[in-house]
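All chains are identified by letter, namely A, B, C and D, in their written order; residue positions are counted from 1 within each chain.
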């Protein structure tokens, strides 16, 4: 039955995607992208990927709409020219779709437990996690410990992207449009109800973010989700109270420090493994008891991930919002 | 169920190509980025689909579970990080688009090429 | 005995919630203009949500899950009217008049 | 029973999606997105129980907390655009231009 729900939702997903591409109004496309994100999060949840669904929830609802709207405010809301080489593109895309559809007939059926993907390392992870790492959430165990290198790489990609956005958008604008400072940047300060409710909710979102951060060993959660949630809390504060007050509460210097310290913390824990006589990112040696060492290592690197993601996402948001006022 | 056993993969293929169509056929740069993020989501969906095991549950151990079947945690790990990386890189792309708009005054590909040719 | 009563009660709440959600959904689709549609959508956000969550809460009993459901309900009851307010405010700002009847759709926003 | 509620929620989601696709104003679409978000919260709660993993209510909680940020962002988007327009019109009016020179 749940599979049927999934199929229904996937159909809605395709309809939404077609509408996103079809509409000429970019604002509408961004709104539909919000629905797309909700739909795909439900699909992830139905497909047993609670952690992934939580990440998509935190990123899709809190961050991505705000970023796209920020970019639209700086560029344009309407596509003027529409499509180029429509028929050629359609032919190429349709034939590629047919090739892909043909290829799917070689895939194992949905949910087949004998599929090759389930035969390789995954059973080992599931079997050995209680023994080596002893935390309930296997996803966190694989993310932080077994495949720590991978995650380190991803954290540095996020870090680099953040630096890139800051480089691009902190340059002095040569373009038109000197806007009055007080016109934008004050957020919704004049609107009493959003302001009161927003201020009420910010601490709860922060608290929930910290819960997700530190409960990530036991339930869905971890540094990536928590970072996005905490960034969403500050974005909410910026929306209801204005940019300058948010920057006064958490200045850009602090965000830079957060980004750098998070990445360094992750790398530092890895190096500590070498110093203590084992290999890079082996947490077993961090404590006398290997399992306790794993616990400590995972908490530390998840904290590092959370710090970097918070710092990067907030810096990106501030970079877009500040551009609005130059 | 046999009939619909590949439905998820078909949806993946169609979504992937819808995103691809937006990238190749649309002129507006923001729309191209939206297409890229659709493309990304399609890949996410493929991985998570592969991780599902019938009758399984999320790979988070819980007390009192009798002989549980877990879905595959590995694709979930890959996609979990990829979502955050995806939004960061999309933001980078949007940053570039904003700069293009400021330098060229437009974000339509044709017009940018026209200005470059001059 | 108690269990049966709770079960029946939770089923009643759940099905009433489902009906309200459905009615709100139909209203959001069929109502003639923006503000009336907003009204219909609010029904699903408050009444429907409250009934469904209370129904699920009765099934969960006194556990951590119930507390979480209570928190969800509380936050929904705070945030969705705020969202409706923000939306109505944005629409008014754009000059869409709260006009009865179909006429309001013709004066489109930007 | 959960199935009946789930089906009602799914049908409502389809109706909301229809509203989002039809418009006619952008505000209708925002309304549909917001409604869709609330339905998602409910669906997550119900499916968490349906699949017997009530500890996954965290997801619904996350959406309940942050879903309305999107709508506030929309309000802020229109507010700052309106403010910008007023500012630009002020600059373009002849009196202001003369004062600047």
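Everything below uses one rule, namely that a residue touches a chain if its C-beta (ideal position, glycine included) is under 8 Å from a C-beta of that chain, and two chains touch if they have at least 3 such contacts.
The model shown is predicted, which means the values in this text are computed figures rather than measured ones.
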item: Chain whose mean Cα position lies farthest from chain A; value: C
item: Chain pair with more C-beta contacts, C-D versus B-D; value: C-D
item: Distance from chain D to chain B - Cα centre to Cα centre, in angstrom; value: 21
item: CA centroid of chain A to CA centroid of chain B, Å; value: 12
item: For chain A paired with chain C, centre-to-centre distance based on mean C-alpha positions, whole Å; value: 28
item: Residues of chain A whose C-beta touches two or more other chains; value: 50, 72, 188, 191, 194, 198, 201, 204, 219-220
item: Shared-contact residues (touching 2 or more other chains) in chain D; value: 13, 26, 30, 32, 51, 53, 55-56, 58, 61, 65, 67, 72, 74-75, 79
item: For chain B, residues contacting two or more additional chains; value: 57-58, 60, 62
item: Touch list for chain C against partner chain A, complex; value: 75, 78-79, 82, 85-86, 89
item: Chain D-touching residues of chain A, taken from the complex the two chains share; value: 1-2, 5, 8-9, 12, 15-16, 19, 25, 27-28, 31-32, 34-35, 38, 41-42, 45-46, 50, 53-54, 57-58, 61-62, 65-66, 69, 72-73, 177, 179-180, 183-184, 187-188, 191, 194, 198, 201, 204-205, 208, 212, 215, 219-221, 225, 229, 232, 235-236, 239-240, 324
item: Chain B partner contacts - residues on chain A that touch it in the complex; value: 3, 6-7, 10-11, 13-14, 17-18, 20-21, 26, 29-30, 33, 36-37, 40, 43-44, 47-52, 55-56, 59, 63-64, 67-68, 70-72, 74-76, 79-86, 89-90, 92-94, 96-97, 100-101, 103-105, 107, 109-113, 115, 117-118, 121-122, 125-126, 129-130, 136-139, 142-143, 147, 150-151, 154, 157-158, 161-162, 164-165, 168-169, 171, 173-176, 218-220, 222, 224, 227-228, 309, 312-313, 316, 319-320, 323
item: Contacting residues of chain D [partner chain B, same complex]; value: 51-53, 55-56
item: Parts of chain D lying in touch with chain C, wherever the complex brings them together; value: 1-2, 4-5, 7-9, 11-13, 15-16, 18-19, 24-28, 30-32, 34-35, 38-39, 41-42, 45-46, 49, 54-55, 57-58, 60-61, 64-65, 67-68, 71-72, 74-75, 78-79, 82
